[in-house]
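Both of the next two complexes hold subunit A, though its partner changes from subunit B to subunit C.
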Partner chain A sequence: MQTKTSKGALFPYVIWIALFVIAPIALVGYYSLLDLQGNFSLENYKTFFSSIYLKMTLSSFWYAFLVTFFALLISYPTAYFLTKTKYKHLWLLLIIIPSWINLLLKTYAFIGIFGLFGPINAVIEMFGLPAQQILFTDISFVFVSVYIFIPFMILPIFNALDKLNPTLIDASRDLGASSLTTFRRVILPLTMDGVKSGIQVVFIPALSLFMITRLIAGNRVITLGTAIEQQFLVTQNWGMGSTIAVFLILFMVIIMLVTGQKNKGGRIR
Partner chain B sequence: MKKLSLSAKIYLAIVFIVLYAPIFYLIMYSFNSGGTMNTFDSFTLEHYQAVFEDTRLLVILINTVVVALLSALVSTIIGVFGAIGIVSVKKARLRNTLLSLNNVLIVSPDVIIGASFLILFTMIGIKLGFASVLIAHIAFSVPIVVLMVLPKLLEMNTSLIDAAQDLGASKRDILTRVILPYIKPGIFAGFFLALTYSLDDFAVTFFVTGNGFSTLSVEIYSMARAGISLTVNAISGLVFLVTIIVVVGYYFVTSKTKRKVGDRA
Partner chain C sequence: MKQLIQATIAILLISGALLYTTKLLNVSGGKTGKDILTIYNWGEYIDPDLLKAFEKETGIHVIYETFDTNEAMLTKIEQGGTAYDIAVPSEYIIEKMREDDLLIPIDHSKIPNLKNLDPYFLNLPFDPHNKYSIPYFWGTVGVVFNPEFVDGTDFDSWQDLWNPDFKRQVFLVDSAREVVGMGLNSLDYSLNSKDDHQLAEAEAKLTTLAPNVKAIIGDEITQLMVNNEAHIALTWSGQAADMLSENEALDYAVPQEGSNLWFDNIVIPKTSKNVEGAHQFINFMLSAEAGAQNADYVGYSTPNDAALALMDPEVVNDERFYPDEEQRDTLEVYKNLGPTYIGIYNELFLRFKMAIR
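Moving on to the complex of A and B:
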């Protein structure tokens, strides 16, 4: 009897899945097969494999890699030191709060900070150097993206480090391992899951964000996300936009498979 | 345990400074009487005044809050029933399929969600505007609610339901007097997260918003594209204030419910 009531509860949810999970993906796949006139063709896929789009995909991956790499480089030590502080959960909360401030506001702040007359250039000029054009360069794009993603990278790594049994580290030390060996052979392997989920939550959005490229990088950096937005909202070529989206989904699935955890139950507990 | 070395403390301090500097930089210049974010002339509240006098901006603000509250409410209802339904599914394979489908929208990049919803709404014939934005926000908030409610349902002892049944409770009573009270903290967390997701969303809204309707994120984007305007700074000052209040409020409410649950156990 109880299961019957609950099956009824599933009804609106299943409709939701059909309408907003399955149908949109199917529609993107369908539209990717349409050319500008609305006829079926593989034209879009042919275009995607032309040199322009392949180059763009590669550069998008390269920037996403840079962003993820620097975010990880900064976040791992931060998370490690955080677990060693008193009141670590309070400090963690303070790391998380900036991630709740609207992303656009944070990006907007850098338009001022990196501006020709902004504080960074004021410091540069203090050293007697001419003001630099920092905005609309790829460095500014990577910096702002790393800034935005750091909290998301710290969180899973912190959780993994926090769960680590400290006696394991003591044992490793007692057995004569140096700090470096302890880190390489004990701490890092045991927190790899945290690192993997960190990479997952940074790399995929870094491939697809478009407002940072628009606001900070001018049109110097074009990510897959920027290209999709361009095709859908500017050029109005939904077919090509959908084709890029299909590939972005494919990349996403591959990344998830590579960085996915083996014990699937772990994440949804 | 080893104490933190000085260099580690300095490292942490630098990370914190870099994380907060841009936010305080924004807020500081919201009080600047000059029109730029470069030199601070003198203290003024005129930009805040400008925000509250700009009726267009206020309408957008109300839109944003209404969409957030409505979408959080509806997605919480769908999500709670969805979670109850998922738990009742006995076949492991079906249950896992449902869970994977649930997670699709969580891991999908915003651009994909936005673009595919745009196609969907144009096909079904929903006019882009308030309705499309609201439906999109409900759609991407549902899986979060499910994920917040599910663990509570799984840790619930099924004999509680059996006991209620044996004592003659109707299905409705079981739902409203046994299940819902037990999973209340999960429902609350789901609602809260749905609210923040909706308030924070830019990309999906940007795709499905059409011309006449705008939310705060989309408006900030178009203002920021036009260049620096200290009104945006004033908005960020207000947003920061509200965020802090919400965080503190949420912290207190959850620690209270936690204590209550602890008492009962």
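Moving on to the complex of A and C:
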């Protein structure tokens, strides 16, 4: 008898989802089927499977993978040690605060930091070495992207580690497991869900980064995001832009499925 | 639930009260639709003091918005969400807007200051008899370089960019028409080429420039060149003027094979709700004093003869930024390529970007 009222309460959400989730995706799908003259055709899909877009897709995936990998490499130990500190929520806050600053501002700051006359090169020159070209390289691109995504990776992992019942670790040690075995067999499996959602929130946006590719990588790194921006704003070929977006959506669905939480009947509880 | 309802009501009440106050304020200020002028211009493309002076002189309240590409501006005006009264597109977009019936004809009798303009910039092919547009600024595309680091190269020819000594030294502006146009010009082809063979040749030629390219970026070029991060950049003359004023070591040249000559003109889009005010604004900007002050601030070349007379002669006689008519004849104006070729130019540019990795 509760069901009727709860269905009524769902109504605004249904409208919301229809207007702001389903309708845009449907529009993207619709536009992707239009060619430049506005006729229905699969022209855009044919173009997408040409070598240039496939290369771009591969390079997007490669850089998104690098960014996610390094973000995870840094974030897991950080989150782990955070949970061990006395004022862990204060430390966590200090890590989160930079993400309150506008992304563009942070990116512009790196232009100065990495520049030929910036502080990093000043240190390099102090050791008697010639100034290095850091800005507009792959390395600077991955570095800045990792820096920007770290807070998003730390949060879910921190939460998972924080929820972990410490008695489980004690039990593992009592039963004679080494630190490494405890980590591998107890801590890691129990925090895997945090890692997975961390990967989702980093990998998916990293696939379509585009401002950083221009400002930090000087368009030496081209991602699908760059191509979408150009198709919509410069070429005004909404069809092609939408087609790339359709593929991005597909990739994201695949990633969600691969990293999705499987409900293995109360394994955590 | 009760708290939620209370909160919602409170928010609604507050926003209602705020809405009412702003309305009251507007009425007391005497601001109705006729007293507002919405201007849509490129970033850093007007002296803000002139806007204040215009408001003071006419009592019209100015709303000022900026765009960073012609195409972004066009998209917004086509959608018609905002009532823009003034916009400043480049010539090939004016041609397109004229064809798509997006402009309101300009009544020349309401703009007496039209007499201040150099006739060279009037009655151009993209808008015969200036029916829809009035010249605002003009300029060229060329190379900014730092003579201390380029070993005597004067960039008299586009070929100088390909010099193997300039490995990873060249900035390019992130804009398809400028870069592809440079590739076409370097082969002595027209930068409006619609010949697929010429375009393929230009692409092959551009690809060989890849080792020299340091980055393809936008407005950031100015600061990076001023700081000597690189020593060569392909950019617009106005941006070059900005760089030169901040770093005196820099120089600017337009290669001889030819380059782009561009015009940005003021238009009144169909979205306008204050056509009268738009005419007043155009006339105001064309006065000798306003034109000189604006050119001084923005750094681009003004088509306003009367304003030139008021400006620093050293600036006005600088042939790098005010080339004489003979030099201008070697330059080409962009034509509207139509959607198919805009697409082809952009795909070419995208492939070039992929090649510089």
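A few comments on the model shown:
Here, the second predicted complex is superposed on the first by the 246 of 269 C-alpha atoms of A that agree within 3 Å, B and C clash if a C-alpha of one lies under 4 Å from a C-alpha of the other, contacts with A are read in each partner's own complex, and residues count from 1 in each chain.
Everything that follows uses one rule, which is that a residue touches a chain if its C-beta (ideal position, glycine included) is under 8 Å from a C-beta of that chain, and two chains touch if they have at least 3 such contacts.
Computed from a predicted structure; not experimentally measured.
With subunit A as the common reference, the superposed partners subunit B and subunit C clash.
More residues of subunit A lie in touch with B than with the remaining chain of the pair subunit B and subunit C. By the touch criterion stated above, A:Phe210 is placed in contact with subunit B alone, subunit C being left untouched. Of the two partner chains, subunit B is the only one that A:Phe20 touches; subunit C does not reach it. Looking at the shared chain after the overlay, A:Lys84 reaches subunit B, while subunit C stays out of its contact range. Applying the stated contact rule after C-alpha superposition, one finds that A:Leu66 touches neither subunit B nor subunit C. Legend: residue contacts after superposition of the two complexes on their common chain; A:Tyr31 is shown touching subunit B, with no touch to subunit C. In the superposition on chain A, A:Ile111 makes contact with both subunit B and subunit C. Of the two partner chains, subunit C is the only one that A:Gln133 touches; subunit B does not reach it. Of the two partner chains placed by superposition, only subunit C is touched by A:Gln230; subunit B is not.
After the shared chain A is superposed, the part of subunit C among 1-9, 253-261 or 343-351 that runs into subunit B is 1-9, by C-alpha clashes. In the superposition on chain A, subunit A positions 111, 115, 117, 214-215, 233 are in contact with subunit B in one complex as well as with subunit C in the other.
The touching residues of subunit C, counted against subunit A in their complex, run 69, 71-72, 74-75, 168, 171, 174, 176, 214-218, 220, 223-224, 227-229, 339-340, 342-343, 346-347, 350-351, 353-354, 356-357.
Residue ranges on subunit A touching subunit B, taken from their complex, read 1-3, 5-7, 9-14, 16-17, 19-25, 27-28, 31, 74, 77-78, 81-82, 84-85, 91, 93-95, 97-98, 100-113, 115, 117-119, 122, 147, 150-151, 166, 200, 204-205, 207-211, 214-215, 224-225, 228-229, 232-233, 238, 241-242, 245, 248-249, 252, 256, 264, 268-269.
Contact residues on subunit B toward subunit A in their complex (touch as defined above): 1-4, 8-9, 11-12, 15-16, 18-20, 22-23, 25-26, 29, 36-38, 78-79, 81-82, 84-90, 96, 98-99, 101-102, 104-105, 107-113, 115-120, 123, 139-140, 142, 146-147, 150-151, 154, 161, 165, 171, 174-175, 196, 199-200, 202-203, 206-207, 216-217, 220-221, 224-225, 227-228, 232, 235-236, 239-240, 243-244, 247, 251.
Looking at the complex, you find that subunit A touches subunit C at residues 36, 52, 55-56, 59, 111, 115-117, 133, 135-136, 214-215, 217-222, 226-227, 230-231, 233-237, 240.
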